[in-house]
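Structures for review follow.
The following pair of complexes shares a single chain, chain A, combined with chain B in the former and chain C in the latter.
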Partner chain A sequence: LTSFLEDGVCSYLKLPFGEQKKNVDESKPPLPFSASYFMFNKLSAWSRDRKVQSKLLTPADRSSRVLFQFISSYQPKYLLNPLCLFCDVLSRCFKTKEERVEIPVPESSTTVKITTYSISGTTFATRHFEIHKKDISFVPLAPHILSLTPDFSTSTLTLKWSDNGSAFPYGLDASWEIEVLRKETMEDVTRETYNSKLIHEDIIHSWNWKSDMPLECTSHYVKIRRYINITQFDGPKDWSDWSPVEVVPGKDTEPNGSGLFPQDTVVAVGSNVTFCCVHKEGQQIQRMSYGAKDYPLIRLSSRSSAIRVLNANASSASGTNIVCTMSEDWMDGAVLFVGYGPDVPKGLSCETSNFVIIKCTWKPGRATGLYKVRGTKYSLTESISGKNVSCEVNEMKKKHVCGFPVLADQKTYSFILGASNPIGQTEASLLVDLNQRVNPETPEKLTASGNSSTSVHLRWFINGSFAEIRLLCEIEISSGRSEQKVHNVSMPGGKFSNYTVQLNALHPYTKYQFRVRCSAADHFWRWSDWSGTLEYTTLEAPPTRGPDIWRERSPSGKSLRIFWKPLSLSEANGKIVSHEVSCYLLEESLEYKEVMEPSNSTEIKLGRNDCVISVVAKNHAGSSPPSRITSVELPSDNVKTDRAVAMGNGIYISWNSFPNMTCGYIVKWCHSSGSEPCSVDWQKFPSNTTDAVIKSALFRPGVRYNFSLYGCKSSGYQLLKNVTGYMKELPPKRAPNFTVEETSSDSILVKWEDMSIEDCQGFLEGYRLSFAKGEKDALKPRLLESGNPELKVKNITDLTKKSLKILDLQGKTSYQLDLQAYTAGGLSPPNSLYVVTKEDCKLNIPIN
Partner chain B sequence: MAAADTPSAVLRHHDLCSRGIRLARKMRSDVTDLLDIYVERQGLDASISVAAVDGVPTAAVERWAEQTGTQRLLDNLAAYRAFHALLAQMLEEQRELLGDTDAELGPALAAMLLQVSAFIYHLEELLEMESRGSPAEEGSEPPAPPRLSLFEQKLRGLRVLRELAQWAVRSVRDLRQLAKHGPGTGTAPGLPESQ
Partner chain C sequence: DSWGIFAFLCAALCNLPAVPALNGTEELGAGQSIQKTYDLTRYLEHQLRTLAGTYLNYLGPPFNEPDFNPPRLARAERVPSATVDLDLWRGLTDNARLAANYRAYSRLLCYLRGLDGQVGTVELRHRLGHFCSSLQGLVLSIAGVMSSLGYPLPAGPAGPPTPPGAPAAPNNFLKKMDDFWLLKELQTWLWRSAKDFNRLKKKVPPAVVTLRIEARGF
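This part shows the complex of A and B:
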């Protein structure tokens, strides 16, 4: 077969050899040659119009020609010109000296006659051939490579060629077979098919191929051929010849080329990677290692060898070293980074705190194992506006943040967060209505002002532009006096504005703690952080009531002491500075005093007179309503003293109902502590009360308290009864002192003293006298405590009795006597004596 | 009598030499630890042989025993100034390579850089004592070194640290020689120091 080129069109038609044979006249001796037919047509004359295409087959189209090629069985020396004369059916004859001739394309079938002449011009042989159109093959001319460009950094070859489509009708399918070869021996690496459509224009096609071996390692070759599915052609179609080979020479072809390839690259975990070591002539590679492991060498050429690492594991942050060790202490190396492509960003969320910047946050997902220049780069693209920003992230943080500017007149944002690293890229998307994603900046500069004791103006600033939305702000109000409250207020947003709100129904003279947080009012997304806490004390107001007061005449009856209790914080409404005490008799002021804090009593010289006492508490804001009490003490008869009942945490007192006590009862008592004069305390009860548990933080167990119950009448106060009691009775502190008055041979008379109230620590209920035989000896255990069966006990419950005679004792015998007092709280510690009874009426002397 | 010969100057010179020896010993100890960290973090074989690298001062010197005190100090100063620049470059490359992922190598390199700075200052003081000012550092920036591959950077770092360790040993010996012969002895000693 052959091909030829005319006007830049490379194609030919081939007639299968087998088909021609049957066209030969079998009755005649065989021709000394076989033949095949080729059609050459000037396809550039074709158009996309089918009617025009049909011209191809018309005999009038002189551009359509067939190349007839034959093979002569004669020796070449006989085939000198003119050798053959071709004559077609129209008796057009063509002379040729070669074994081929170009003739017009026949319309359908035609018969050609070939006559072979000798050098002298005599006819050698003549043969007739019938050519059928369907027997003519269409064989395009070999394509021509325009360029073969290597990209060493990615080990990629880029092949470019023209399809010469302008020479063919529009819409033909073209296939291109590309073969890549490698090494000096040109070993096949890959053969790929590339399909295209011819569009009646010359199109330059590009094909990329990524080599699994760095291009520096050895030379790479590329060739291409084509096949055009020319549907209008009846005969068979065939592939063209291969184009001439293009080469990308390896480093091993350069005189001084050397190195380890690839250098400083990044691949995905699990990749298969080929490394090669190119060295100078005369050097020998001793070994090649990847990490800590040596790999078997694959020889590529006399100056280049490779290793192949399969299923590479993730490298450390500093990469995995590949080392090529050569003779003469020479080495080359490279670093490979093995990691993962970026994970799809997780939990992408965007919000604004100020309508200036949109803050998007996400989690990066699985770590890539690649850092710094090889780390994941993020970019935030907004599809509606087409704007995009690159994000600076701290790759060591678990949550990444990126800011995007708020755009004027845009409320809906369609974000695409792109993540890319040298291995791959991913993205996550999010559509947000910004008005629904507002998390305002933290309120700041919180201040308070006011000129009222029950209200305050709060003012704060938010650093943001919220003019197009309403804000909902929550004010937390705390004070020591009441439970924490929250006050919500909705307000129009402002542009970098201050916001104010008035809070009412506050307590006077109360220290409040305020803090504020805000959110969008219409589409709640998130609260801002709380502002700092502001402390503010409301102004004072006059005390709400007068103090609780009591009065007592001095024993001489000439002066009156007035007592008052401090007001509670909620009643005082401020800091009480003084109390005004007045004494009126029928609207006439007999006495007036201002008693400064912290005194809680004062004395008025009244003589034998009586008056109505008024006490007013004063703070800086004003005076309380007056509290009044009369000094009149009504006479009492037959005042009894009762015992109160200890309640553990208080003292229970009860009394009979006194119907004429119209304005209630007062229980008064006195606390004494050490040498200080006792301080008066009291408690008021309404008229229908007949008992009470008196409680005081000052009450102590074992201390006797004396209470006086007064009844209140319009004319004055009357002492109804006295009550003594304990909040808790304790055992007596000690036993009474006792002595032996006399002894005989069978009896002992003991006598004891009274005990003080302080020592009793409760109501004394009796004494316990225990005795048994025993001698005073510190080394022996006390007999009375050791369960001595001879122990005898006398219980004395008659508290008036102060002596006891013990009878039926043995003479001249030592006895131990223990005396204890007891209350409801228990027994006191004992007092002990040792006595020896007399013998025959002789006097015994007590040992103790 | 020159200022350098006064008893106080002798004392100060001796003190400076003693402190310098301590600094160099500490540097030697720390650079050994740093080498271990460096080799481990960079995935290198500790026994790898690295050829001499341009710009890295070599501690080995011919006719060491014949050097004058001033010459020793000047050699040391030049070497440590070079190491200072090389360590700074290593630190920068380490940050580029590892970023914040390594909490050990970066701080250790920075600490070594500080020690070298301190030692340079110390050498300058000693040169002042020798009645000879320190030579000024190169005024203009040295030409940018050729861009090295990562593997070459790793090897150069290894070479820098190994040579620094050698220099620390040499500096101890140099300062011992200096201490032995006192200040202002610009001439070579007669005998080499017994090792």
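This part shows the complex of A and C:
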């Protein structure tokens, strides 16, 4: 043993474990635990004052030793340069000056002798004790941190280390304990466990940790230790020592570091956020505010303080300001944007209008409260083709739109609309069969052409490629003449092409409005918008019938006036330009005239002759069939004049049946307007008719009309009777003028004048004379309105009577007399007179 | 009756785009042209009060707090400062003062136009747009006064000023601070310009101008 002594100092001896093994079996590799570390955790102390521990070191060289470590309770002066000699059972000795030594791991158990020498070289103490293998603990070496990387923008630390797995058998469970500390005082922040499996390879592990405090605020430290559950080892297992600490220094450690952190971050509503203000040496923070509120300061170091905002509310459009006010007229600030992650897009719908672009629309849902660069970004991914487009949306619009190109030979599209903002992301999906989602572009360039009066060719263009589907188009046909109609037509689709259709059964010379919209015929989805309206007028056709005609002999009987009525629009089929009037006598034309519009009558000098008159209406397309009437007027006698009945909206006329009138009846009347000669009008009735209500827009209430009823025979027309009447009777315009013819003491004789037909406004039925005592005084109420009990009324219904004597009056008394005329329409306004009766000459002798 | 004045000014401003560069001032005469510029300045002062209120509210506290008085950070110097010693300012010639006004508003206008794109709300963007056109009118109006007084326009930004190559603010807070200082400087400039034009108005009464025009006629 003394051979290890060198100058009175213990030397350190290592013996490889392998040397011992060679004696057993050279071909076998070292035992599994040979690459591991061991520690005696339970030793029978060779001295009560000393503990001896052992560890196996350095796995890399695959040698195993037991490390003895002395923890001495001796005073240091005794321990100064102690010399120690360890000898195991094989008499292998290890000399050390330290309080530790490594010896090989024993096979099962071994006895160790430890001798301590004093400085002078004499033996100080010697002890023997036994080590059992099961008493040796397995303690891995402390792991080594490869890197600790900060990401300041996300306040994230990334730790990397190797598991040295190649030194261990395959499949061992390893646990790693990582501790994060912060501030100069190294306060614990978190301790986390990370589990892995050793696969007999050196694997580099990575662990991320997001700090609730920006990394700039103060220094952050990380250390790691490990535990390996080595199943082949009998003894207890324990955690390794901690690795050396790695540090991410805070801004407060930089000589000129300052600022407010974090800057321009975006967080979700309800988040807790820590802000810190790092300043230069010598400055003092006066206050820190978030929004409008000051927050209590949390001191991190002499150059850094923080505030903690809990449950942050949504910020306004420009973000919430955090301000750090310092002494020395200095200020720092930051803006925090608090909002929501994007909502799941609502009502995603995709369709195509042209088979070039698929247009997808959706509503964004709840507002995120974030705008511009922080606003929600949308992307549309089609998972069958794997294509992806990003969407430019207008934040201001309620409905968002994104276009996706139609792909060749693809009909089914599986869309995923992704929405993302700095807080989060969502998506909505939609499976679309494009042929079932066609909403064609609006038809345009609608034109019409045609060379017929009853049909038209419509032509339009649709800007889209519909070659693979059929289109169903709806044509709306409007005209002033008939109800709006819709015409549906199905046609094969084309590639950016024109479409034509012929419309039949139209009316000639009619202004039509056409418009078109289209949809997919086989799978209806939506109609396109209506095209613009096209106005088109069909060509003219000859008038369908001749005009309704009448004729009248002049009073002299030498000429004949022929009247015709205008054709209705549907009969005229165009613009009537003239009427041809001719007069025939037994196939011989006596007279021919072309009368230009707008005349509706003409005169033929006929002398005393008669003829058959023919009238033809002409437009640009041709002539109507002729209308004919004979000029012959059959003699009639004993023509009576009847009264017609006013119907309010027309005039009722009736007549007896005349069996020999074989071709019906004609009622003729005349409208007079002012001084102009009256204009003739007429109406025809079949032979079985015996009454009619004559209506005309020209009839006015209170105007008397005279009608003539003619019967029609094959030989000519015969006047049957005259009828006079009103559409509506009105009260007379005024009362007749009346005068007092004579007065006596008890009577007054009044006379009145005839009234004109115009003043009567109806058939005059009688007069009403009212009288009562009364004086001429404008202030007193009028006689007729007063309800005077003395009022007396005389009703004169005999229209031939033009005077009346009022009797039984008082003498020398003033009377008021009111005269009114009346018709079925009512009473006229009164004419009033005041009369004073003469003085009574007689004595008042009562009779009887 | 201040409403009446503003109504008149508004009506006057509506016609501004129709009078590019106010070439008509030659015929108006310097006195009237100064009066118009003065009126416009007062109108802008009023308009800015409303705009600044809305804009500072948009920036949020503490920018909209009445006693907010931040230290002028070095960055803010890129906005032309109106903080000049009053005696020094008064000591300048009319020409120099007008030129300084012209230059300042040309630059301020650039920055103001820069605000437009960033602002989140539509209404505020609209208001800013309106104020910018008014301020553009003032720049042109000052040019008109200078030409009517026979002063050359200062070299540099003439007509539509080109944006200076100042770097954008590195973060949102400093951007807000820039905006704050822009509005504050604008306020000070307008306040002082009103005084400048008032003084100039007294110096160049309309009668003198009439005489000058008559003299030209000979």
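Worth pointing out:
One rule holds for everything that comes next: the second predicted complex is superposed on the first by the 652 of 848 C-alpha atoms of A that agree within 3 Å, B and C clash if a C-alpha of one lies under 4 Å from a C-alpha of the other, contacts with A are read in each partner's own complex, and residues count from 1 in each chain.
Basically, contacts are C-beta pairs under 8 Å (C-beta built on N, C-alpha and C of every residue); 3 or more make two chains touch, one makes a residue touch a chain.
Nothing here was measured: the structure is a model prediction, and the numbers come from that model.
Of the two partner chains placed around the shared chain by superposition, chain B and chain C are both touched by A:335. In the superposed model, A:319 lies in contact with both chain B and chain C. Of the two partner chains, both chain B and chain C are touched by A:263. Once chain A of one complex is fitted onto chain A of the other, the partner contacts of A:373 are limited to chain B, with no touch recorded for chain C. Chain A residues 260, 263-264, 291-292, 316-323, 329, 331-335, 371-372, 396 lie at the interface with chain B in one structure and with chain C in the other.
Contact residues on chain B toward chain A in their complex (touch as defined above): 41-45, 48-49, 51, 95-102, 149-152, 154-155.
Note for the complex: chain A touches chain B at residues 260, 263-264, 291-292, 316-323, 329, 331-335, 371-373, 375, 394-396.
Partner chain C is touched in their complex by these residues of chain A: 260, 263-264, 289, 291-292, 315-323, 329-335, 371-372, 396. Residue ranges on chain C touching chain A, taken from their complex, read 58-63, 65, 70-71, 73, 118, 120-122, 171-174, 176-177.
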